[in-house]
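As written, the chains take the letters A, B, C and D, and residue 1 is the first residue of each chain.
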Amino acid sequence: MTKPAVIGRTREEMAQRLAQDIPDGSYVNLGIGIPELVTKFVPAGRSLIYHTENGMLGMGPAPKPNEGDPELINAGKQQVTAVPGAAYFHHADSFAMIRGGHLDLCVLGALQVAQNGDLANWSTGEPGAIPAVGGAMDLVAGVKSVFVITQHCTREGEAKLVGKCTFPLTGLAVVNRIYTDLAVIEVTPNGFGLVELSPGIDFDYVQERTAAPLLRNP
Amino acid sequence: MIDKRVASAAEAVSDIFDGAKIMFGGFGEAGSPIELIHALIDQGATNLTMISNNCGSGQVGLAALLKAGRVSKVICSFPRTANSTVFPELYRSGHTKLELVPQGTLAERIRAGGAGIPAFYTPSAVGTPLAEGKESREFAGRKYLLEHGLRADFSLIKGRVADTHGNILYSKTARNFGPVMAMAGKVTIVQVGEVVDAGQLDPESIVTPGIFVDRVVAIANPAHESELVAAGASYP
Amino acid sequence: MTKPAVIGRTREEMAQRLAQDIPDGSYVNLGIGIPELVTKFVPAGRSLIYHTENGMLGMGPAPKPNEGDPELINAGKQQVTAVPGAAYFHHADSFAMIRGGHLDLCVLGALQVAQNGDLANWSTGEPGAIPAVGGAMDLVAGVKSVFVITQHCTREGEAKLVGKCTFPLTGLAVVNRIYTDLAVIEVTPNGFGLVELSPGIDFDYVQERTAAPLLRNP
Amino acid sequence: MIDKRVASAAEAVSDIFDGAKIMFGGFGEAGSPIELIHALIDQGATNLTMISNNCGSGQVGLAALLKAGRVSKVICSFPRTANSTVFPELYRSGHTKLELVPQGTLAERIRAGGAGIPAFYTPSAVGTPLAEGKESREFAGRKYLLEHGLRADFSLIKGRVADTHGNILYSKTARNFGPVMAMAGKVTIVQVGEVVDAGQLDPESIVTPGIFVDRVVAIANPAHESELVAAGASYP
């Protein structure tokens, strides 16, 4: 048996594609998982400043082995470093930056995105699950632009881009753009608008895997 | 002579009473006042309300306090942790109740409590399950939720260095909730690596002014939760 | 012509009397004028920490001539110094201390104090006057104890301790104690209660100059 | 390469438009960005709303901006100053309107604006003439007023030193409104004595993180308002 050929963009290629769309000098908050890959692909000549909501601007990459500090961590509780120009601050100040609209962009994963930009990414709503929300609701409510990076469908093949979210919401009408393995899609006043197909992917293939109309020329 | 030092973690937490509402600094292990928490476990107060961002990991620190059955309610943004089975069991059994609060709302509610603001409006969580039962109101065409300030009987936090007046400096991202919890605690207790004389800290760089701090206790080499968890430690 | 003999306490003696009542270790905010004299009379062995609402704890006395810094001033915009253990902070943090009940005491002047503790000390309400309030309303609303230090009567001989204030209010039911040239008076649930007469002053003399009942044994 | 330096005060304020709402740092002369204010007078924008604690003294700085007739409204806690006759004349003539705000409420409204909080409740001014027309509400048996967040098109503030990322340190009590106004300005412009490279400031001691700052301009030897007033100076 052979594995099926990869269709559309890999995780790295999705992150790379998204990175092209972040302007120089942006203040950016990256969620845990695929969003973290974005840092690897920022085009040469652009400087981004990374915010981590636990209280730091100017977050740098993971430390070298044995050089980490358990008191210098990111929102995913992984050890990180500080770049020149970094600043530490307390949690209320950190979320003042978020809620007050001072961050240019946050990049998050998603369970579902609705055609009006509603986002569900914190809970599948299973009975008995321990609910935990963290800073996601604050980020989507406050940051100027919200980009979602996600596989187009679940592992079971279900659409994540939907007419209306069935999972508990993180925020109402908050998502601006969605970067998937199959396409780049914008949330427009009229619904999902196609920005770009991934190489080798055609429109109908994406529409079939999207549970809401996809506008070809939004 | 103002001198806010107390001799030990045990002395610092000695008057915490059953039913107390307690804020615990820290985001994950960074800033978690683990020696104060262990002293509180030894001290025995129970039926506590725990206000903190997380619920600890392994069987030390906050997780150990929970495991000891001392906590009847948690006000928290992210109680789920890779290494902890303690909170899920208590939650499912109904022993410990949970008030889930978005992280930024939690931080702002704590600051508001410390700043004498009884309530404020926030855009976070509008339209989500966490908005249920909350008042909402529009300002300039956008919907916001009413959230209430939080205070605590005690705040237990961790700094890097204090002076005898209770002025506090923190270490990197271990600062997190410390400064706002110091404001919101009726009695604020800070464990620090070192206590220096008043006048030894630069007045321009002080993060928490001493007015917010009641007791400082020097713990020269605090344990790191992740190392204890990796070693399989449990407390007591 | 000779000046009339001084009756009751001088300004300094009023400040001295008030200073006896401030516990060791208190965080104190002193208003402009007579309140500032309090620092001179703090009993030996007590340490107070002075807050100035423009952003400092650990305020010290005026600098020596030619050693002042125009960027180190108090709420009266006079140059001051910093004592060991001082801290600077911004205005929102400073008023968080005030509003949040972290200061133990503020000492203020008054135009009028009512028998229920209402205070008027910011405006005589004259038409055409330029209104200016500063931090007085925040201080009386937030500080744990509010002491007023004032002459018992105006220069024209009118009572400042009244049944109900006629000047615009600074705060409702906020004053705890009043230190005047004639007496120390507490605001009790039943009205003005005499704590102590100034040396050589009798009860009737104070009551005649107080426009509300004065309780002898409150 | 992030570099927020601009070459001159004139360049820093060049895009301030007629009708702009502007926050000015400072408590009395401490922290007043006098060179930026003078550049704004030269620049000519008018019909401005001025948000500041005071209204300046003598005929320099804020008083000179007022005297030039550029300000139609002042939002302020203490417009009266020993050395100024400028504001009283403008106020009495009706040229300049005044919204008087208690000092702590002013600071908190500015912080709220910067922090995305549209409104909050405060105990300050309850029962006073400054409560007139304001909503009130009881929490836990005490009455509070509803106050709204304040934002500005521009904030003009003064620091001691900046780095090229816009991180700011202040000088002593000249800090006052600077940090919260930096948060609340859509465009925040800071004059500092010195600009250093990113990395030269201790990340633990930064008071205003660069995210709140758009432009920094080095003014090596800023004038002191009190000295100008004592010398009888007027601007321009």
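In the analysis below, a residue touches a chain if its C-beta (ideal position, glycine included) is under 8 Å from a C-beta of that chain, and two chains touch if they have at least 3 such contacts.
All figures in this text were calculated on a predicted structure; none of them were measured in a lab.
More contacting C-beta pairs link the chains of C-D than the other of the two pairs C-D and A-D. Per-chain Cα centroids separate subunit A from subunit B by 29 Å. The centroid of the Cα atoms in subunit A and the matching centroid in subunit D are 36 Å apart. Averaged C-alpha coordinates put the centre of subunit A at 56 Å from the centre of subunit C.
Shared interface positions of subunit D, i.e. residues touching 2 or more other chains, are given as 108, 111, 115-117, 122-123, 170-172, 203-204, 207. Across the assembly, subunit C contributes residues 56, 82, 88-89, 92, 95-96, 98-99, 141-142 that each touch 2 or more other chains. Pairwise, the chains that make contact are A-B, A-D, B-C, B-D, C-D. Residues of subunit D that touch subunit A in their complex: 1-2, 111, 113-117, 163-165, 167, 183, 197-199, 203-204, 206, 209-212. Those residues of subunit D that touch subunit B in the complex are listed here as 108, 112, 115-123, 139-140, 142, 144, 148, 169-172, 202-205, 207.
Contact residues on subunit D toward subunit C in their complex (touch as defined above): 27-31, 53, 77-80, 87-88, 91-92, 98, 100-105, 107-108, 110-111, 122-130, 170-180, 207, 224-227.
By the touch rule above, subunit A contacts subunit D in their complex via residues 25, 27, 47, 49, 51, 56-58, 82-89, 92-93, 95-103, 141-142.
Within the complex, the subunit A residues that touch subunit B are 52-56, 69-74, 77, 82, 88-92, 94-96, 98-99, 118, 123, 128, 130-138, 141-142, 168-172.
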